[in-house]
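In the two complexes that follow, subunit A is the common piece, with subunit B as its partner first and subunit C second.
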Partner chain A sequence: MIEQFLGLLLALVDQTGLMSITPGNLLMIVVGGVLIYLALAKKYEPFLLIGIGFSCIVANVPGSDLTAPGGLFHYAYSGLEKVIIPPLIFLGVGAMVDFGPMIARPSLMILGAAAHAGIFIAIILAKATGMFTIAEAGAIGIIGGADGPMAIFVTMKLAPHLLPQVAVAAYSYMALMPLIQPPVMKLLTTKAERSIEMTQIRHVTRLEKIVFPFVIAIIVNLLLPPVAPLITMLMLGNLLREVLMVERLAKTVANDLMNVITIILTVAVGSTMAAETFLTFKTLLILGLGLIAFIGGTASGVIGAKMMNWFLKDKINPLLGSAGIASVPIAARVAHVVALKENPYNFIIMHAMGPNLAGVFGTAISGGIMLALLGVK
Partner chain B sequence: MEIVPMTVPDTLEGAYVLSVVDFFLSIVIIWAISLVLYLLPYLNKLGDVTDESLKGGH
Partner chain C sequence: MNINAPMPGKIISIKVNVGDSVTKDQVLLVMESLKMENGIRTRNEGVVKEIFVKAGEQVQTGSPLVSVE
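What follows is the complex of A and B.
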């Protein structure tokens, strides 16, 4: 009788994950807990880190088939695998963003490209380690684009097995930009440069804002087909916003759809953080290279703005260059806060939004050219 | 001389080539886009589109 009972108990235990939990799983559960702590206690990107942290914990509890093929979380991952989720996020972002500051001052767009040297520094360093293929190096480099959906999009095309590391690095460093960027910005500028006041930007009419998405969608589809799905959806979302006539659709895309997609995205990313794939030396390297990419991008943006000043009569505040790294609107806000510390009457947020929005295109263009050069469609 | 499309080799030199070409082309393309944006204000000569006319059209 007792033997029978113990046998049944053993069979029951076998059904659970208790016997297959590893120290790696326990460590990753702690990592998931840290992400949730950062979200709740430090308020670092709670919309992303809560979902990622929770599903990271669940993915490391053996037993259920939630993350296995056929499991619910696996279907969320399929949305990334088939590259459906990142364009939908861009649709929502497009409906939320006013491109007016960028249209008003196109000369600052160049900073959206200048602030992406970090991508290439990371690619070269990743390849120099001898541990990554050039496709993997490209996926690591795009972390420096400071654009989550674009990082996921390019990584899924170049090195899908690196998705958890790249996504975690990209979103973590974006959340930490208020800590990462200011020391670099201060190191490369003088107090006088940081105090430069910008002239008022012109008013952008409704007609210009409506034509803008068509112009960009045509240019990107023509010149950069690999990233056309992302930018096309970004422009569609923006068109819905700017025509004013379909407010219901614009609001749905910017709010409800965006929220649903965010939940699916975070579950998908977190569920890939299983110990056996995440706990490697390569992960540490990727996190380090991602940080270098962010620092390099911030530095090159500031240097680019200073170089522009060699040719400009009305000097621009070089802090605007750091906003070119993308990560809308965090980078623009960081530039604004650093400028305010030097001069409490210097409000550069709207000026910084121009290069900041151009940074989204800068990342997309860099990613598109990279995919094309590596022969990926 | 026939020029055939090729991809970047999987070497450190390939990474240098990829980086230089990508960075240079990114600057050129974004500069070209900015030039196109300079033309947008000329659209306003075609007429005025007011927010009220758009909101009232649905």
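What follows is the complex of A and C.
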């Protein structure tokens, strides 16, 4: 009787995931827990990390078929695989952001380019390891663009098998930018430079803001077709915002749609973090190279701003350069916080939004050039 | 002298009343911009003469916030 009961119990346990759990699964559950901790206790990008951390934990609990083809999380991943989610995020971002600071001072767009040296440093290093193809190196390099949807978009085109690592590195480092960037910014600037106060930016007219999305959409479709889906949607979202006549649409895109897509995106990214695909030496390398790309981008942005000051009569605060790395508006906020610590009257956030928004285009241009050079459409 | 909004945003709270004496670097009000709260301070000591805004109000860059004499 007891033997029969034990046999039944074992058969029951066998049906669950308890017998299949591996040390790797346990490690990844801890990783998911760390992401949740950072979101809740440290308040690092909770909108991203809660979903990623939760689905990472669930994806590493064997038993269900959530992440297998046909499973619920797999449908979320399909949104990334078929490159539907990134353009929709760009639509929402376009409806959320005011490109006024960038239009008001177009010279600061240089910083959006300067802060992308990290991408190319990471590509060179990745190729130098001999462990990655040039397409894989390109996907790794794009982590340094600090633009999650763009990183997913480019990776799906160049090396889709690296999506888990690239997406996790991009989103985790974006969330950790308040920790990663300030030491680099302080190392490369003096207290006096960080204290430079910026003059008020000029008023940008409604007409300028309405014309802007048309001009950018036309230029990108003409010159950078590989990344046109993202930038076109970004500009459509921005047009909805700036015409001031379809407020209902702009608000829906910027809030409700964006929230829904954020949930799907974070679940999709987290669900790719299964131990068997994630816990490899290449993952460690990719995470390391991604970090180098972020640090390199921050440094090159600050150095670019300092170089601009060689030619400017009214000096700019070099911290603005670090915002050129994209990741709107996280990088602008970091620059603002570092500047405020030196001078409580130095509110540079709107100035930092210029290079920050230009950084989105910088990443798009870098990604577009990579895709074009590698013959990917 | 007027203390103006250094950026567009929403007034979260006002920390002083008309007639209050304020010291250099004291936070007069808190405003939110791009989901960040910022303390708006006075560079001079004096007395609050007028408050031009209310909590919850949206302001643009350059909008007068508080007058300190």
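Please note the rule applied: the second predicted complex is superposed on the first by the 363 of 377 C-alpha atoms of A that agree within 3 Å, B and C clash if a C-alpha of one lies under 4 Å from a C-alpha of the other, contacts with A are read in each partner's own complex, and residues count from 1 in each chain.
The rule is short, and it goes like this: a residue touches a chain if its C-beta (ideal position, glycine included) is under 8 Å from a C-beta of that chain, and two chains touch if they have at least 3 such contacts.
None of these values were measured; they are calculated from a predicted model.
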Touching A:P329 in the superposition: subunit B (first), subunit C (second), both, neither?
second
Can A:I365 be said to touch subunit B (first), subunit C (second), both, or neither?
first
Touching A:P344 in the superposition: subunit B (first), subunit C (second), both, neither?
second
Figure out whether A:G375 sits in contact with subunit B (first) or subunit C (second), or with both, or with neither.
first
Touch test for A:Q200: subunit B only (first), subunit C only (second), both, or neither?
second
For A:L244 in the superposed arrangement: first (subunit B), second (subunit C), both or neither?
first
Quick check on the superposed pair: does A:M109 touch subunit B, subunit C, both, or neither? Answer first, second, both or neither.
first
Kindly classify A:V58 by the partners it touches after superposition: subunit B alone (first), subunit C alone (second), both, or neither?
neither
Which chain, subunit B or subunit C, is in touch with more residues of subunit A?
B
For subunit A, which residues are in contact with subunit B within the complex?
102-103, 106-107, 109-110, 112-114, 116-117, 119-121, 123-124, 126-128, 133-135, 137-138, 202, 204-208, 210-212, 215-216, 219, 223-224, 243-246, 358, 361-362, 365-366, 369-370, 373-375
Of all residues in subunit B, those that touch subunit A in their complex
7-12, 14-16, 18-23, 25-27, 29-38, 40-41, 43-44, 46-51, 54-55, 57-58
Under the touch definition given earlier, write down the residues of subunit A that touch subunit C in their complex.
200-201, 329, 332-333, 336-337, 340, 344-345, 347, 349-350, 353
Using the touch definition up top, name the residues of subunit C that touch subunit A in the complex.
6-8, 25, 33-36, 38-39, 41, 43, 61-62
